[in-house]
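One chain, chain A, links the two complexes that follow: it is found with chain B in the first and with chain C in the second.
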Partner chain A sequence: MAKFMQQRGVRKLLKDRLAVSSMWVIGAYLTVAFAVLLGNSFSGGALKAETELRIGADNVPGAWTSQTAEERLRDATFYFDNIKKASRSSDPASAYAALEWGSDRLPAWKADRIEAELIAPAAELSTALEVHDELEGNIEALALLQQFEAVIRGHIGASHDADGNASRSFGQSFRMLLGTDRQGRSILVRAIYSTKVAVQIGIISALISVLIGTILGAAAGYFGGIVDVIVVWLYSTFSSIPWIVLLMVLASAFRGTELDGTLIPVYVAFCMSFWISPCRVVRGEVMKLKELEYVQAASAIGFSRTRILFKHVIPNTAHLMFINFSLLFIGAIKAEVILSFLGLGVKHEPSWGVMINHAKAEVLNGFFWQIGTATIFMVILVLAFNTLSDALQDAFDPKHI
Partner chain B sequence: MWTFILRRLLYNVPVYLGILALLMGALRVNDPISGKLGKNPAPGDRAVLEEKYGLDKSFPVQYFALVADVVTLDFAEVESWTNDGLFVGEMLADSVVPSLAITVPALCLTSVLAISIAIISAFFRGRPVDKTLMVLAVVGMSVSFLVYIIFGQYWFAYSLGAKTGTSYFAIGGYEPGIANWPYYCLLPVLISVFVAMGYDTRFYRAVMVEESGRDYITTAKAKGATKQKIMFVHMLKNAMIPIITRIMTTLPFLVMGSLLLEVYFNIPGMGRVLFKAIQEQDFPVVQTFVAIFAALFILSNILTDVLYALVDPRVRLS
Partner chain C sequence: MSTQQAAKPVLQVEHLSTCFKTDQGVVTAIDDVSFELFAGETLGIVGESGSGKTVTSKSIMRLLSEHLSFQKEGSVVRFEGKNLVTATEDEMREVRGARIAMIFQEPMTSLNPVFTVGWQLDEALKYHTKLDRTERKQRAIEMLELVEMPNAKRRFDEYPHQLSGGMRQRVMIAMALCCEPDILIADEPTTALDVTIQAQILRLMDELKSKLNTAIMLITHDLGVVAQTCDRVLVMYAGRVVEAAPIAQLFDAPRHPYTKALLGSIPKSGRREHGKRLPTIEGLVPSLFDLPPGCRFAARCAYRDDHCDAVEPDLTPAGPQREVRCHYPLEAPEAN
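So, the complex of A and B:
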């Protein structure tokens, strides 16, 4: 480790302030991802269930924005409709108790008290509000709306005092922080969970691609001859099919099988199309390395060719592996968005791609919270990796364009 | 030179055969028939479909049939599986123009803009202008293509139209003809230019910076040439080699169109046709389109090498 830290490239990298801060950012993302991964597996999938939880009305904007009167009315009406529906069921008492949005629920009153103190006045206000077409700027209507909200929203929360006045729990405020999507699910929770999916896809596909690429490329460059011919043929073949078409064909090859809906098709598609660039770069580097004295010395001592390859040649391509890993990580995260849009990506789980794709319809209604959140989560990580890739390239491979 | 071209062509024959084999193999991993049969197929249905599509023949027979089609460039007889009566040759002819209507203007505009910005950036290298441009390029690169498309469509096709009362850009769709081009194609072109700008500017700037460290620049400076003259006369000429290479390598992708844009804006180009064909497992269409693309890709690679030698007398084709 100490030897590694003293390398010229590593020292240069650690002096680069931007590179170091982007490593911190990446570290933070990795921490979140592993926390989600561990939390989810220890709680038996509770976090995943949390991403599907309905926590309120549809497309509620983030916490610190002021809503228009129409949006406020829609929001309160959502809760009112749910409560009315419960009151019409055969067993209203248990239906009221079953009503919950995240940790928000109704006060633990008897059914007739809910009927009298909540539903009856709310229904009256709701009918009174229906008369007004225009809410904005209409003082009378706004006053009614405020009363309506006080009756409905004032009673819904995580905990209640004796009069039923509600207060929200911290958890619910956190869920509501960046608003809800079209199914009333928390955007923030989904974006955080998606970090795990993104990191998972990024690490696994970049790692496997780099390993395959490095081993094939190094073998081709070192052994030459027939191995080289085969490897070059293989990557020429793969690279002549447009990347996005290869991705689509491979991802759709799993349709209908039991692996459909898991992340396996995504990994396979990414690995099979991403290994080419590390392979090409490593092959070139190894062809240069094998002419160097230290490799010739190793073979003069009588080390076997495989040993020289794995112990002396491949470790010296480590910088290329790092650079390629970083670039492919970005590639995987961005390609995931495209695959999700084409309907071939992540299913049964939120991901930034899924969120951006779902946000299409919301954007047309002028609701930007979901697409904005997913984009910002993604941009920060990709930006950090872009900066790190540049710094890695400057530090270890300065001649590269 | 001709021996070089011939040798490269021969060398690429096994690569090309490999591409076709890989493609056909990957397509056939998933059984194409079961999706096309109804919920309760009669026992004979499968055999009938297999015979209709030629899937009852062995893989080598199907493979050589495709190779024969490609070698003779005769796609008029190849029938699409999902659109009865439609032939691949026809689909190809119909979809090339919409694709090119987007990609050719996009490539020209991107190249001109990106090279200009790269020159500005390289000219002011290390100064605030350069730094700002490069930060913008990296940030621009970090945003997903899909986000650009969604916002582009929202702002220019919906919002702008709603605010001004006249619609300047179509929400989607395509009509042939030059007069209709700005309405249907300009917005996708602009989005595509915007997306490519970050990558291209960074690449071209790196090329310029690389060139600016060479000996001939030092000589020119020592001679007393002005900075402008060095930039535009000495450097740009030499930087043209990697620039041409980059543009050449993107040429085959023009034909494929920008798949995402075509799918999103409902433009009936090759990308969208191919996407639908993959979804519907319409093998003849996928195979033919990719076969043509791969052939163009290989040819343009060879052409790039030849151009290289023509532009740069130091390069020898051997």
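So, the complex of A and C:
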């Protein structure tokens, strides 16, 4: 390592102030991502549950506003289910208190009151929905829903002071820092959690793509002949398919399989389209390298061709691997956002793309903080990586040394 | 300088012809090259650029691209009873490095820039010997000391860019000799070095040759280098061997007009002739795509006649250990 640090490229990189600060930024993101990843797996998914937690009350912008009848029903059902569960637990008082959007009025409710004011209207509501499945235009059900909402709202707004501001603990204030989305979930918590998804997708897809691309490109450049023809044919074919179309096709091809909902379709799609650029660059470089005397000297020593390729030629393309990795890393993050925005990418957990997708309707109503937060989180990471890959190029390109 | 070689040659090259497939058709880069190499001798191969010196050495090592080149029927490179031209790739790998080693012209690019000198030496030893880690390191440092690398222990952990050209060439020689090969092919080993370093490297190679009894095939276009180090010389022109002779005889009494012209064009120190141009050989080497039917040197030869233009001469014996390819070989001033 000390040897590595002495190398001219590294020294040059460390002198570049912009590069060093972008490395700090990237380091911070990586730390957050790994902290989330570890925290989530050690707590058995508690952090993921946190992102789904409703902390918003009706005075929190974004909650209880501009919703379709379907979404209103979903929200009402959420509150209803939680209240019902709490009322039926062995210790209703503390179960009510544990509700994060908790109301200090709720514990005062007796079981019979909950029965009368919540459970009975809910039963009526579901009967009305059974009669007429559609909520939109179902006047009876809509009226019941409104009544039901009014009951719930009356109670969950209880912890607010005279000005309508909620008095909150530090944890709650932190969660409220950037507001909530329409479902009352903390935007900040979701954006931070999304860092993990972004970094995970970035690292895995960039790493696999660079490996595949380098090995195929190097083999094509070094062996030439039929290997070269096959690899060139492969990447010309793949690059003639617009990558977003390929990604969409692949993402939907996995629908309904057991991999649906995991990140695996996303990785497959990204690797299939991203290996091309490192492959092309490495192939060109290796074609140049194999004519150099040290490669010939290696064959004069008697090494086999595969050994020369892997031990003597590919290490000389390391600078290209670094640069391509950083380019593909941000490429993957941006592609994930686009894909999730289209509803084809990440599911069952928040990501910046999912957040931007959810923010579509909010933005039209003037609520910009969800889209703003997700975008800023992404832009800072992408910018830092772009700066770093420029600096890497400057530092490690042998022509500039 | 021994002219008395062991009777049995370590390497016999017979009728070696190498052709390249190009866009303009097949071109024969070396045509019917035959020679023998004896243990402990230095054989020089001289000639202009494009005369086929490097192709000869790379054909022996089979380092030319198999997509682009091939050897003609009847080409034989006999090494330890095997014909290397038809040997399998696995057999070749056994020979390369371990039995026949090669060093290259450009010490600046002959070492892999991303690995330390020690790593590269170790890699060669790992491949060809059964030594363990510490033995290999010890052997590598011994080799570096053998090639007179100053501060060998420290250099072991350095990268090629930290070494000078001469030191890199020493490393290359150490790598080539670390498995004690029978034959060392040196393809213009000193061309890229300055004159003092060149002298050091040549002296080093000569010492190592006598220490390890390695046969050296020295490819060069520098007749000065040949005079300094070789026992025998092979002169090549346009893919053909035109003259083969022991060193002293070649310099004293060249039999081929081309050899004579080459020797004549060496600038001589101490004899300043003001206003006189340095003698050169007029004309150019013929294109390999468009070879004359007769002698390949005819167009530039001072002694040619119509017979030379029509019929190509054969390589004929001209005295002990001497061969010449000329219809009218020059007479030696005194008989052999």
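Just so we're on the same page, the second predicted complex is superposed on the first by the 289 of 401 C-alpha atoms of A that agree within 3 Å, B and C clash if a C-alpha of one lies under 4 Å from a C-alpha of the other, contacts with A are read in each partner's own complex, and residues count from 1 in each chain.
Here is the rule we go by: contacts are C-beta pairs under 8 Å (C-beta built on N, C-alpha and C of every residue); 3 or more make two chains touch, one makes a residue touch a chain.
Owing to the predicted nature of the structure, the values given are computational and were not obtained by experimental measurement.
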item	value
Simultaneous placement of chain C and chain B on chain A, clash or fit	fit
Touched partner set for A:A359, first chain B, second chain C, both or neither	first
Which superposed partner A:P315 touches (first chain B, second chain C, both, neither)	second
Which of chain B and chain C A:L342 touches, first, second, both or neither	first
Which superposed partner A:G224 touches (first chain B, second chain C, both, neither)	second
Most chain A residues touched (candidates chain B, chain C)	B
First (chain B), second (chain C), both or neither touched by A:K48	neither
First, second, both or neither for A:K334, with chain B first and chain C second	first
Distance in angstrom between the closest Cα atoms of chain C and chain B, superposition on A	10
Of chain A, residues touching chain C in the complex	3, 224-225, 292-294, 296-304, 307, 311-312, 315-316, 318
List of chain A residues in touch with chain B within their complex	233-234, 236-238, 240-242, 244-246, 248-250, 252-257, 330, 334, 337-338, 341-343, 352-353, 356-357, 359-360, 363-364, 371, 375, 378-379, 382-383, 386-387, 390, 401
Chain A contact footprint on chain C (complex, rising order)	61, 63, 65, 67, 92-98, 101-106, 109-116, 123-124, 127-128, 157, 172, 175-176
Touch list for chain B against partner chain A, complex	12, 14-16, 18-19, 22-23, 26-27, 29-31, 34-35, 138-139, 141-147, 150-151, 154, 158, 203, 206-207, 210, 242, 253, 256, 259-260, 263-264, 274-275, 278-279, 281, 286, 290, 293-294, 297-298
